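The letters A, B, C, D, E and F name the chains in turn, as written, and every chain counts its residues from 1.
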Amino acid sequence: MAGLSHFDADGHAHMVDVSDKAETARVAVAAGWVKMAPETLDIVTEGSAKKGDVIGVARLAGIMGAKRTSDLIPLCHPLPVSKVAVEIVPDRDLPGLRIEATVKTTGRTGVEMEALTAVSTTALTVYDMVKAVDRTMEIGGITLRLKDGGKSGRFEAP
Amino acid sequence: MAGLSHFDADGHAHMVDVSDKAETARVAVAAGWVKMAPETLDIVTEGSAKKGDVIGVARLAGIMGAKRTSDLIPLCHPLPVSKVAVEIVPDRDLPGLRIEATVKTTGRTGVEMEALTAVSTTALTVYDMVKAVDRTMEIGGITLRLKDGGKSGRFEAP
Amino acid sequence: MAGLSHFDADGHAHMVDVSDKAETARVAVAAGWVKMAPETLDIVTEGSAKKGDVIGVARLAGIMGAKRTSDLIPLCHPLPVSKVAVEIVPDRDLPGLRIEATVKTTGRTGVEMEALTAVSTTALTVYDMVKAVDRTMEIGGITLRLKDGGKSGRFEAP
Amino acid sequence: MAGLSHFDADGHAHMVDVSDKAETARVAVAAGWVKMAPETLDIVTEGSAKKGDVIGVARLAGIMGAKRTSDLIPLCHPLPVSKVAVEIVPDRDLPGLRIEATVKTTGRTGVEMEALTAVSTTALTVYDMVKAVDRTMEIGGITLRLKDGGKSGRFEAP
Amino acid sequence: MAGLSHFDADGHAHMVDVSDKAETARVAVAAGWVKMAPETLDIVTEGSAKKGDVIGVARLAGIMGAKRTSDLIPLCHPLPVSKVAVEIVPDRDLPGLRIEATVKTTGRTGVEMEALTAVSTTALTVYDMVKAVDRTMEIGGITLRLKDGGKSGRFEAP
Amino acid sequence: MAGLSHFDADGHAHMVDVSDKAETARVAVAAGWVKMAPETLDIVTEGSAKKGDVIGVARLAGIMGAKRTSDLIPLCHPLPVSKVAVEIVPDRDLPGLRIEATVKTTGRTGVEMEALTAVSTTALTVYDMVKAVDRTMEIGGITLRLKDGGKSGRFEAP
């Protein structure tokens, strides 16, 4: 099963040994979106401008979600993140909200999963807050955009 | 801000009062997918048949994720789920894995967020286990398929 | 050691047996404050009006804190809260922010600790966000204001 | 919004980037108290001498609380604490219990919030254990006493 | 795979559906021990009599551990326990400490796992506190002693 | 109370100060077993070969349990583990399952408790999954097998 490092030679799941990797500065950026009816987006953006701040609450949930990554993802190494930022931008063409999370650490493994978990938690929180008016929202487009630091080098999504 | 029940009259976020709602049997089904290169899917499905069980690990993570929902989603009510099941099926046309989660409870609020969080955590775990061979995977199609129980009645996605 | 129900006849700590108590509607209200320099309060209230919403972040942290109460307080019974609301009001005379948390549940024990934990977590979060400009803030006045439901009857602070 | 580092230039909450800070030895000391009726303090101190150890349970809760800080405080960096100690001393003049927590780490950010959270959790646990005999207790005086390590230098409360 | 209810007809792990079970009063008792050198036991029992209360700390850890059961055991249903008590008794013949945990709830599933987790966490905490003087301790004898409530009826260990 | 480092000079529990210890590579191996009826073991091993993978689920729970160690054990230092592996082998002579966990980190304290917690959580999870067919299982033999790194030197169980 060449390549799937989360399994040992017998095919048993394990948390990969990263003890011998160097502690280096690492960064990852992930993105995603929540698609909703145009009227739902109106309610969200009006509210965020005036009162009832869906975007503020979802951003905070995303930041906190990044800190819970190794609790949620079974074989993910715990590591102390040194920066988490979540941007949420309304997009009339989607229509909906576009989410982008940036996570940094100095450690022995990358922070892709932290960035993806931040995006995911942000999107779920948007859904939770808006579901009373729209049950047909869709969460999607969750991808890794950038990863740097560590020996596998820089990755940028096309 | 009519409709967004997670905010009070002043636009402040709060956890909605459900004290007066009846405890009823509730169910929710959510779905989603992880899209990957065809060769990546081959590795995953071979492994799951023989050894290195990506699907088994991801399913378990999804079930456990459902139990963490109210920890992750700020205004979500905590409630003791009475059933969680996660189905993961390879789809050559996607190509990738299709995920469906079913959650039940007897309580005062619905379990949509628990089902969506289960799908989301399952998808992130697939990503984590397979990212060593494919960094261009995409998580998407996360939607509510069914919701029943509670006074707002039955909802089925079109 | 009459009265300290958290210890058995031998003085050993235990989680009190509430199995035979009735499930009743319960509410608790707790209060507290964060005292700060007048100029610090200016920064907080300006920010909350315009951008950099200390009060919004702290409110959310308080709501989430209420859900973690039985994780933090060793002998506290876990129970699913059915409502949490946190009000934060600037007070020029303090000077600082006044905090009030209301928690409800239908259960076998009261929610005083949940309300007090919400106030406490809100106050700590204010401190965290503002400490870069003021290290001499003080958190205080944390008291139970109201408790109702359950067989010990209604309590209102004088 | 000069000074509030937890917000970016647009006023959005984020977890501050500390990647470029040096890992240095850091210490913080925080204090607080729980005020109670003189007869309540008698029960607590007698119990702790003989059986029913309120102070022992509260101390342990405070130590564990310090480890949960970054879970509770949304924008707080996670960091592995290298020492936590909580002292609890009865004070007849208060009357009540005085609490002091000392936390150390070697890391990129300070441990003020860990020390304050330890004090806060200790105080809440005292309250929980004693509330059956006294509902009018007050938690207060929660302040930072000392902070050292890191580039902002030593701070000692007046 | 007759009998293993945690797997569905296809052999996939799931959290069993207990929605249709009645909420009944349930109790479980589990036991276990930590075996240590006689001199180690002397240190523990002296300390607990005078100062340095290993038994008190371990008991509290066991009670808190019971509350974390559904977080630790993947397919375990979350349920709000209504009583947890942990007894720890020195046994010169073992030599070591004997542990017994009693857990109650009113719910749709039993609390065997909560009682076993309480015993297990208590034993691990004893180990942690004493390991500086004795690395050859053994944790064992962890069994279910009693289970009652629920439709499968009363079980008592021989 | 010479030797019990988790207590200070006054006998108060504290988290030992390890700030001045060097960060070194550390490893610990712990072992244990779950004893069951021979027919129960048949069900488990058949299932794991074909479907209904008790061993796979228990292994994953053990790995995740290692990450929760400092949450469960009150005076345990939090540290980011860099490797966790759990081996589970059927033993007809026991009869039952033998468990061995290996944990690594680069840090200021050892990882014995992480390895023991991994074994313990694995064993509890086996119990949970199999308890529907066998309530007389016993968990035992939990010991430290190996510890290396750190100034107290290498320890190997006899």
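Here, a residue touches a chain if its C-beta (ideal position, glycine included) is under 8 Å from a C-beta of that chain, and two chains touch if they have at least 3 such contacts.
Everything numeric in this text was worked out from a predicted model, so none of it was measured.
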| task | State the smallest step count from subunit C to subunit F, taking one step as a move to a touching chain. | result | 2
| task | Any chance you could check whether A-D or C-D wins on number of contacting C-beta pairs? | result | C-D
| remark: Note, CA centroid farthest from subunit E's centroid sits on chain A
| message | Can you compute the centre-to-centre distance for subunit C and subunit E, using the mean CA position of each chain? Integer Å is fine. | response | 31
| Distance from the CA centroid of subunit B to that of subunit D, rounded to the nearest Å? | 36
| request: Indicate the residues of subunit C shared as contacts by at least two other chains. | output: 12-13, 53, 56-57, 60, 64, 68, 71, 74-75, 80
| What topology does the chain touch graph have (line, ring, star, complete, other)? | other
| query | What chain-chain pairs meet the touch criterion? | reply | A-B, A-C, A-D, A-F, B-C, B-E, B-F, C-D, C-E, D-E, D-F, E-F
| Where on subunit F is subunit B touching in the complex? | 53, 56-57, 60, 64
| query | Which of the residues in subunit A end up touching subunit B in this complex? | reply | 1-7, 10-13, 32, 43, 46-47, 50-54, 57, 60-61, 64-65, 68, 71-76, 112-113, 116-117, 120-121, 123-125, 127-133, 135-144, 147, 155, 157-158
| field | Of all residues in subunit F, those that touch subunit D in their complex | value | 8, 12-19, 70-71, 74-75, 77-80, 107-108
| remark: As the complex stands, subunit E meets subunit C at residues 25, 56, 59-60, 63-64, 66-68, 80-87, 104-106
